[in-house]
Each structure stands twice: as C-alpha cells, then as structure tokens.
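Mind looking over this structure? Questions follow.
To keep things simple, chains are lettered A, B, C, D, E and F as they appear, and every chain counts its residues starting from 1.
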Amino acid sequence: MALEHVVVREIDRAPAEVIERLRQAGVATAHEAAGRTGLVGPRVLPRQDGVTIAGSAVTVLSHPGDNLMIHAAVEVCRPGDVLVVATTAESAHGMFGDLLATSLAAHGVIGLVTDAGVRDLATLRELGFPVWSRAVHAQGCVKATPGSVNVPVVVAGQRVRPGDVIVADDDGVLALAASVAPAVADAADERRANEEAKRARFEAGELGLDMYDLRPLLARLGVEYVDRLPDGDPR
Amino acid sequence: MALEHVVVREIDRAPAEVIERLRQAGVATAHEAAGRTGLVGPRVLPRQDGVTIAGSAVTVLSHPGDNLMIHAAVEVCRPGDVLVVATTAESAHGMFGDLLATSLAAHGVIGLVTDAGVRDLATLRELGFPVWSRAVHAQGCVKATPGSVNVPVVVAGQRVRPGDVIVADDDGVLALAASVAPAVADAADERRANEEAKRARFEAGELGLDMYDLRPLLARLGVEYVDRLPDGDPR
Amino acid sequence: MALEHVVVREIDRAPAEVIERLRQAGVATAHEAAGRTGLVGPRVLPRQDGVTIAGSAVTVLSHPGDNLMIHAAVEVCRPGDVLVVATTAESAHGMFGDLLATSLAAHGVIGLVTDAGVRDLATLRELGFPVWSRAVHAQGCVKATPGSVNVPVVVAGQRVRPGDVIVADDDGVLALAASVAPAVADAADERRANEEAKRARFEAGELGLDMYDLRPLLARLGVEYVDRLPDGDPR
Amino acid sequence: MALEHVVVREIDRAPAEVIERLRQAGVATAHEAAGRTGLVGPRVLPRQDGVTIAGSAVTVLSHPGDNLMIHAAVEVCRPGDVLVVATTAESAHGMFGDLLATSLAAHGVIGLVTDAGVRDLATLRELGFPVWSRAVHAQGCVKATPGSVNVPVVVAGQRVRPGDVIVADDDGVLALAASVAPAVADAADERRANEEAKRARFEAGELGLDMYDLRPLLARLGVEYVDRLPDGDPR
Amino acid sequence: MALEHVVVREIDRAPAEVIERLRQAGVATAHEAAGRTGLVGPRVLPRQDGVTIAGSAVTVLSHPGDNLMIHAAVEVCRPGDVLVVATTAESAHGMFGDLLATSLAAHGVIGLVTDAGVRDLATLRELGFPVWSRAVHAQGCVKATPGSVNVPVVVAGQRVRPGDVIVADDDGVLALAASVAPAVADAADERRANEEAKRARFEAGELGLDMYDLRPLLARLGVEYVDRLPDGDPR
Amino acid sequence: MALEHVVVREIDRAPAEVIERLRQAGVATAHEAAGRTGLVGPRVLPRQDGVTIAGSAVTVLSHPGDNLMIHAAVEVCRPGDVLVVATTAESAHGMFGDLLATSLAAHGVIGLVTDAGVRDLATLRELGFPVWSRAVHAQGCVKATPGSVNVPVVVAGQRVRPGDVIVADDDGVLALAASVAPAVADAADERRANEEAKRARFEAGELGLDMYDLRPLLARLGVEYVDRLPDGDPR
C-alpha cells in the first residue's frame, strides 16, 4: 500500500537534445505532436510574458500551505530540471517565493509549475526565474507535515510523472512521458515544417475549407448556405 | 423551427466612419452612450495590453472543441470585421491559434472575441492579431460537428448579432446593434467632450458630491456624517 | 444597532515613516512580519505591473453597482491615503474609472483596492493611478443607494478597518491595524536584513533542509528516502 | 436607441395545450425536440426536487440587489406565467422571497427563474412555489433603480424573450420562442414515443453501438479494439 | 502584535431567550431586522433540509487541512453553542466528520458552520447534527499546526466574533454581535408581525406597487409603460 | 506513442468480497484506510441522497459533448461495474441520461461517475440508478469524435485506472487501485472497529485533546490559553 511518504532520489530523464527540440516547438505544437495529450489545465497560468522553458519534472506532493517537501526536493534536482508542485487538496497558498527560487536556481533548476500559489512575484521576475501557477498569493507556509518527492502527481487535471518532459510557455504547461519524448520531438519537428507551408498558403488567402477539403464534410453534416436568415427565425 | 445548421453569407454592417468613432470612444464610453447596454461579461479578457479595435461582428456558433465552423466563417468575412466565436456549451478549448489568425488577417479581419480559449498566444502577439477570450489553452480541436455562421449568439451573457459593432479594448468587449450605432456614436462624441470638461473640474479638486449635486440625495437617503464611530459600534 | 448609513470623517493613521518602511518591505515580507495576518484574498489582483504602494485605508461600503459612496469618500481622504471599496454583496461592476481616479488623485489619494470591478483601465495606467480589483468591467453604476464611509469592511475575506495601513504590490494587498504597524515595520526591517543573509547562503547552494535543520523533522514525520519507487507502487 | 426603461404590458403567449405538452415532455426531451437550442446554463439550479413546470415567460431586467421591477412585473402577469428575472450585472442577492411569491401566486404565476438569488427557501417550499436560481442568499434588496419588464434578457447564457415557453424541472430550465413551440411540442411527442421504443430495446440488452449503427463510425474514426493496453503505454 | 496563537476560554453570550427568538425569526427576517448586516456569503450551504438553529459562536481559526484547533475548541464550548470554523487560506478539506460531531454533541454544541469542507455526511444526518459548509469532501486532516480558538474570524466574507449569535437555516448563515442581539430580536418580532399583515394583503391580490407606493418612484425614475415593444428595438 | 484511440476489452478487477467490504466502509473510512489517497475532487457531487455503491471502474475518455465512447463502453462492462467518464477538456454537457442508464443497468452496471454533466435526473432517480457528476445539464451530445475506453483518466484531479475500485456515497467518490484494495479493505475493517471505540468515548464526553494526547503538542506549537483577549488586540 502507498501509505508512506517518500523522497525518490533517482528519476529517468529524456535526452537533453530531445528536450531542447520540444522547447523550440512550444506547448501547442508539442501537444499536437503528442496526439493532443499531456496538457495541464488552463487555470495554471504563466506569471511572466514571452518565456518558453523545457526540462525534466521533479515532482513534489505537499500538504496545502506547507512547503517542507519543496525544501526536501532541492537536493534531488539536477541542472535543467523543472519543479512541479502539487498539493493533497486545493490550495492558493503562496508556497514558493524568492528564497526558494534562489535556492533552486543555484542548483540549476530552470522554472516552477504549481497548482497552488507563488509570491514575491516582482523579485521572481527580476531574477528571471519563470513560474506557472494557479494563484499569486503572499500567504505564508508552515514546515510541519510530511509529503513526497518524485511520485506521480496530478496538476490541474493532468498527471505528471517524475522525469516527464515539461514544456511551458505563454499557452500553459505540457507534460510528456520521457519514454515518448523522442518520438514526439520528431513529430513536432515535422509538424513545424508542415505548419510553415500551411502558414504561407493561409497568408496567400487560401481558405481552410479548401486546404483541408472541408466543404464535402459541411454538406454531409447538413450545413446549409443562405444569403440571409429568414424573417421570423427564432434564434 | 431552428433545427438546421446554416452559414449566412450577407450581413448588414454599420458605416465605417461610425465604427471608427466608436473605436475612438472605447468600450466604457460607448457603453455609457448606448444606455449601458451591450457589454460582454468580464470573464472574456484581452490577451494583449493597450489595443482598441472596432469592427462588424461575423458570428460563429460551434460545438466545444470543434473549429470547423471557424474555417467556414472566413470566406464570409470582409476587411474590418471582427470574428465572434461562441460554443453550444461552456468550453475552454483553444479553438483559435496562429494559423487561423493568419488566415483571418489575410482576409482583413482585425481581431477575435471568444467565450472559449485561444492558443499560440506568443505568436498572436507577434502577428499583432488581438484576441479577447475566456481562456488561454493549447488543447486542440476536431473538425467533426456542424454549427452555424452569422446567427445570433450569446457570449459571456451578452447577445451578439451578426453585423453588430464590436468595440474591444483593455476594459473588455461591447456589442452594439448596427441600427443604433450611429446614434450611439453621436452620443459617445458628446459624452467625450463632456467628460473632458468634468475631468478638468476633477483635476482642479472639485468634488463629485458638488459637481453632481449629491449632498441632498445623501441626506434624503439617511446617510449621517459623524466625526468618529461610537464606541461599541457592532461592525 | 448598526442600522444607519454613516460617513465617518476622522480616522487614526499610522505615522508616515512607518508606512514608508512597510512599502519598502512589500506585501510578502510585511505579511510575514505581521505574524502572517492581514492578507486580502488572491482574487483581488493588481491591474498594473511592478508598482508598490502603502497608505492609510479610507474604506467605502457600497451597494453593488452604485458608486455614490465613493464620491462621498473623496472629501474625507488625505494625501497618501488608499481607497478601499467593498460592496454589500458580490459585484463585478466597474465601480471606479478615470474620472474618479482624477478626483482622488487631485486629493492626494495614491491608489484603490476593491472587491468589485474597475474600468477605463488604459487611462488609469496612463494616469499612473494603480488599482487592485476583482474584475475589470465597463458596466456603469448608478448613484441611488446609501452606504457608509470609514466603517470596517471585508475585502476578499480580509477585514479592513479605516486607518489600516494598506500595502499593495504585484503579490496582492495587505491590511494592517495602524496600532501594530510600527512594530510590524520594525519586524519587517529585521526580516529583510535576515532574508538578505539567507539569500546569500541559498545562492551559494546551501540547502533549506540544512539551513532550517529540517532533516530530523522529516525523519520524525516518517518521510523515507529511496533510490527508486518500487514496481507496482499504486500511485 | 434603447436607452429608456420600459414596462411592456402585452406579450404573445403560446397556446395552453402546447405548453402543457411541453411540460409533459420535460426539459431534456423538449430541448432535443427544439434542435438542442434554448437551454439556460447549468448554474441556474432547481431549489426543490421533483417539480416540472411550463408557462409563458414574463421577463424582468433589474439592477443587482434591487427588486423594484419585480414588483412592477406582477400586474402584467397572467395565470400560468413564469417570472424570469435577470440582472444588469452578476448578482447573488436574494431578490425574491416569500412575500413576492405570495403576491405572484395570488396572480396565478406558477414559478420563478432567476440568474440571481432567492431567499425564504423553507417557506417557498411550504408554499409549493417552485424556483430555479443561481444562489440562495438572504441578502436584502433596495427599491431604488429603474429597469424593464418584458424585454429580452439573457439568463445564464440563454436569451429569453417575453412570451417564451419556459419548461423547468430537475434538469434545469429551457426557453422556447412561442412561435416555434407548437412544432417543438409535436416533435417532442414523437420523440417520447420513439424513446419508449428505444428504452424497451435497451432494457432487453441491445447495445447503442448496434441500435445506432455506430461500429462503422468507430472504425472510420480509427478507434482500435485491443484486449489489453500494451506495457509501457505512456498514459 | 497579534503573532501568537491563542485559545480564549471565556466569551460573552447573548441571553438564551434572545437567541431563541432569533431562531424563530430565521435568517432572512433576522438579517432584515439587523439592518441587512451579518450575512455569511452564499457559498456556505446547508447540508440538510429544513433545519433552523441559533446559538452562540465559538470560533476556530485553523490551517487548511488541520483540525487540531477544532479539538482544542471543544472544551471551551457550552451547551447551545455553534462552532464556527475558518481557515487561514481557502480550503475544501473535510475538516469535520462524525467523530468530532459526536464529541461536540456530547458537549451540547448544536451545529457547525465552516468555510471549509465536512465529511461523513450520511452519518451527520443520522445523528441529526446540522452543518453549513462550503464543500463536502472526505479529504482527511493532520493535527500538526497551531491556530486559535475564540478570536474574530472571517467566514465567506463575513466577520464572526466569538459570542456572536449565529442563526442558520435553509437560507444560509447569519452572525450578529451579542450586544445588538436583543434589539435585533425585538425588531425581528415586530417585523414578523408586520410581514403577516403584508402576506395577507398579497394573498388578497394587492400589488407591491400599491402597498409600497412605488408608482411615483417608477415615474420619477423614467420607467415608461407601453403596450408593445416598438419594431426594431435593438434589444 | 499514445496517439491512437482504443477500446480495451479486459481489465483486472478486485475480488467481489473486497469490493463489498469497501462499500460497507464508505468513502471517508476507505480513504483513511488507503493512506488518504484516491479522492476525486469535491466538484463531483452525488445527485441523490443516501446511496453508497462500490464497484470496478470501466473508464471512458470522450470529447466534450460527445457520448459515442460511452456507447462503446457498454459491452465491455460486467455486472457490478461503475462507469467513470472523463472528457479531454472541461465540459458541463449532459453526457448521460435515462436511455444510457437503462442500457447500463441492463448490463449490470451499478452507477456512473463523471466530471461532466448528466440529465434526465428525475428519471435516473426513479430508476434507482445513482450518479455522481460535476453538473446537471440537459445539453445534448453528438456522436462524432473518437475517444477511448479503459485507459487511465483524470476525474476532478484524481487519476482513475480501469479496474480501480470505485466507492461513492454522500461524501463523494474514491478510486483505489485493485492491487491495494484487499489491504485497504482490511485496514478499513480495523479502522471501523477502532472508530466505534472512539465514538463511544466521545459520546461519554472525553475530549479529543486527551484521547489523542494533543495538549503537549499545543504547548510545543506555542498555543497559549487565556481567559480573555486583551483589549486592543488588532484582530
């Protein structure tokens, strides 16, 4: 039974060049390349503009308002990792601020994702330490209750396993199993090339209806074209 | 009965100079000029800062997570239009991204308003294509279910008819019937002049209580002035 | 009984130098220095980036969608005050815009905090008048119903008394009783010095586990360290 | 321009026997029969169990927390009507309680639907006056601001026109244009007969996959059947 | 400064007969009698039907997901008290269940109000121990972090002081300062008599417009009466 | 890569007597016995009172507003199973009603849990088919988009694997891995016995402070006992 609280020291990470290619793809393209799986829900928002990161997830499961396990997580992180913090119940506590960011950055961690809150936002921006969170809230934490590091967690509806590749940008956060990351990176590269071609055609004015051959589908679905809505239409 | 799915090709638009005057007024002033009607609810937020647009609404009604009808809408848009996308039930899907923005921009569309989600936000900002949405979410769409183009829809509690003048800025989104837009534009012009005069008086320190003659109203409503709250006041 | 609507003219304010030291501390540090009390809930958000203010609260209690009492509050404000607006029931109305901001600024008020909405956001930013609000919404107000000025109110779960020191920045809003503000300012100063020392140690790579001596606590709480999760772990 | 506040005395109602047949159909079946249009959003909930009503909508548009216009609406109601109350901005005020229910019942009104709150719930249940509302909240109202009676309103995302047939039950609330109500009632009757036949087949164990011939669709959509998920599936 | 965690043993309670009269009045009437103050927000809901209680508040302030202080509160409760539990940040934890209910009932406590969650709901109903809560959630608690008993707290936007008279029924929860409770009870008695008279007049068909003399107000506010909305009305 | 849509026919279920013992324990006790893991979030609510079920999860992952895959799931269900329906993005559609309930019941399925909506609630209650859902909403579904059956899903923040033991009652929904269910059932049995003993002691008036020996902890945490709050306490 899974009764115990545990800190797991070792996790399997995807290769650095795979992670880098997924960063270049960004969240939306990598999500498409992964068969539209892996997205963290839209309540977890970027707290800075224009930053894209990708790294391996070190996960933390904490009691709401208790950041003890975040401290415990630091020493199992490696350069390039992303800390992912979930709580055992919904929480808006500011579980992460500038001191923890300084500590993580000193160990090479490149960003944080949490389903709870962060604080010291102005300083985090000055430090250039990017965060994606559900809330910004200064409410302070205790260090009193046990939790776990590097167990699977759920963040805003998305399961995140230790070692998952995390991609995060202005669109949100994506988590991909390390085992599928290389194939997703390949698919994302292909997709980006493909999207360039499509973009050129859209820029030239071609319609999606024609590009994707959707007119027969519209007809089959019973969508009718009229010049005007009839008088007395009840809508 | 309104059972069928339909694409309506022609809509009535307000005159361009009326639309431009409403853009100059902005959402708050135009809303006041329209008798405080027409506001889209505050859950639809601008996804960029400092942009004001005004244009004619081309409306789309889609199944959640299905952007087929957005593609169908492109060819009925004209330069200066604003695409307004509603769903048949609540949705946070990213129903609109950079490729569709490229397509719309190629056809002269100047912005998008949706009660669902958008994605590729960084690229949309680079493209200068402004959006107002309920969510930012990369979750991808299917093209499988029928819907309608240019029928009346409801966006965040506000009915939007095809051809409505849409004004959108940092304060949100306003929809005005094309038939009343000229009168609203006139009222807005007047109001702006009026507000300038008021602003000058406020800058000089005049109180609203005096400017609007509110002291008699306060007295009539039983509002009392005291120097201090009495001890033991239960508040 | 507290049946009457009242405007209270005089309130007790904390000393200006205390307020200034609390501003320099910012919300998160001052909140810690105050024993982790006084935080307004995270639904009240800054509507500009990178601004920190501190001042004395002049409070307003209004009917939803009615800004009569905000006008009544202006003349009891003094330079350096912060207006704090609550409503008798939940509201997203835009109860505050550029004209009221102009009026308040002319009387020396340095910012506004509200559990309702604001509007004219672009102009407020141009004016440099900072606001913290629950919503941005252009919906206009009436001036028809009575309320109170300078009575205790609740804003997003936090009681705010007239004369409280309000500190507001990118992290949110804090309210401190004027009577405890000097002691909190002292504690905040001490805390800032202390945090500088900690920051340096974190930058050097020291772990929080060691700095706060948390390893014995983890052991006492039954947190186990393992190299790998066992196969078949049900998580 | 629609600047004025207005009470409209006369509205067009659907025939009583049409309304009764829609009541017998209930919300879900009538909604299907109407081409899946007309549903009020799910945040408006029944405040009693097991009651179904149908009647003609008399609509009210009020300022939040102000029930003046509900009083104004009573005398334009006729026996069998349903009062539908919207507010100009979001509100959870208890805008309706036992005295207004007594008044409406005395004039033959059979129920109330509101996007705001109700109160005196225990008494409403004793009176047998059914309500569908967004909230239950005792917060009292003023009678101070103008509004309208019998103008189109939006309730939880659904436009409701005066005279619409309102059907409400444990599933929520439906609004149908009076002009289409007869055709919808016919379609609903047909649908109910049809559903009985389907129900018998489902009771006998027949699968929807076979009844609706969905197996070819599943195949066309690429849905694969396997006995077991492969080891290492990343889900 | 308010840094310390404290259990306050003695509180001032209102007289029992005052509390009983407020119970008979119920939440809505007592709230009106109190000048429309004191209501807990509508997110705190009754978890049983048809129960009204009134008693003196013993308050608890806890860390989210930690029920240590609820245990500490039991011995300062007296028969007839109502336990009111707030948390230092938003929480949906099930902080209260059947064992604590048994303990409280054994000490004469008559109900519980909390801005967090409860669990064991079926058993609580069997025990006849009424609860008003923000959530029902089985998530278990720790007993690890300090808090306070009998300090003022905020529950769903309403300040509750130790010793406040709590009235709770199907409409929600009301908190009244003990010092004003006798006057409120008197006003509530009067109001109930008054409402009976009004109810009889409403039952006889009299309109609120006439009973409250609202027609002149409607005219003054510019509300117009028309038989039909004009064609082309933009609403 | 997990790109394909799949229906998995065979899943591993826990023994029937284990499931029955977990049903007798109920959600709160089984959750405790499982080390406080496995709870579905509190937004998924029972739609009937006083029903407890336990069974093996057959899981469905659907596009919002599309119930094709629910039909596909019926034939892989066995008597005693519980259907668990998740969507690829947030949805309040009524994805389940009386016909599907009839179909499931005919195949022995004993209840449904969904993070989306249900409809035909009155009929579901008549049928005695219990449901736990996020919403009640009559909005109809299409059968147009692919999904999966018997893959792991996330429901309101909780991962549910095919074959998990689902326990659901008035407190919500719990999901336990089949592999740990026997041990959890044993722990739950023990816990129930233990709780009976505690309940008797609580009934006799014993305090939790003494039963759990919490007084030394309170002292260690710095909780002070006072008779009265000092005057001027800033709370």
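The definition used in the following text is that contacts are C-beta pairs under 8 Å (C-beta built on N, C-alpha and C of every residue); 3 or more make two chains touch, one makes a residue touch a chain.
Please read these numbers as outputs of a predicted model, since none were measured by experiment.
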* Name, by label, each chain that touches both members of the pair subunit B and subunit F. => A, C, D, E
* **Angle (degrees, nearest 5) of the CA superposition of subunit A onto subunit E** => 180
* Hey, how far is the Cα centre of subunit C from the one of subunit F, in Å? -> 38
* Structure fact -> Averaging C-alpha coordinates per chain, one finds the centres of subunit C and subunit E separated by a number of Å equal to 26
* Which subunit A residues sit where two or more other chains touch them? -> 1-2, 4, 36-37, 41, 88, 90, 92, 137, 139, 145, 152, 180, 234-235
* Asked: Connecting every touching chain pair, does the picture come out as line, ring, star, complete or other?
  -> complete
* Structure fact -> The answer for subunit F against subunit A in the complex is residues 1-4, 34-37, 41, 88, 90, 152, 154, 157-159, 180, 183-184, 187
* Touch list for subunit F against partner subunit E, complex -> 26-28, 31-32, 36, 39, 41-42, 45, 50, 52, 169-172, 174, 195, 198-199, 202-209, 212, 214, 217-218, 221-229, 233-235
* Structure fact -> Counting only contacts in the complex, subunit E reaches subunit A at residues 63-66, 88-93, 137, 139, 142, 144-145
* Structure fact -> Within the complex, subunit B is touched by subunit E residues 37, 176-177, 179-180, 232, 234-235
* Structure fact -> Given the complex, residues on subunit B that touch subunit A span 1-2, 4-10, 68-69, 71-72, 74-75, 92, 94, 97-100, 102-103, 106-107, 117, 119-122, 125, 135-140, 143, 145-148, 150-152
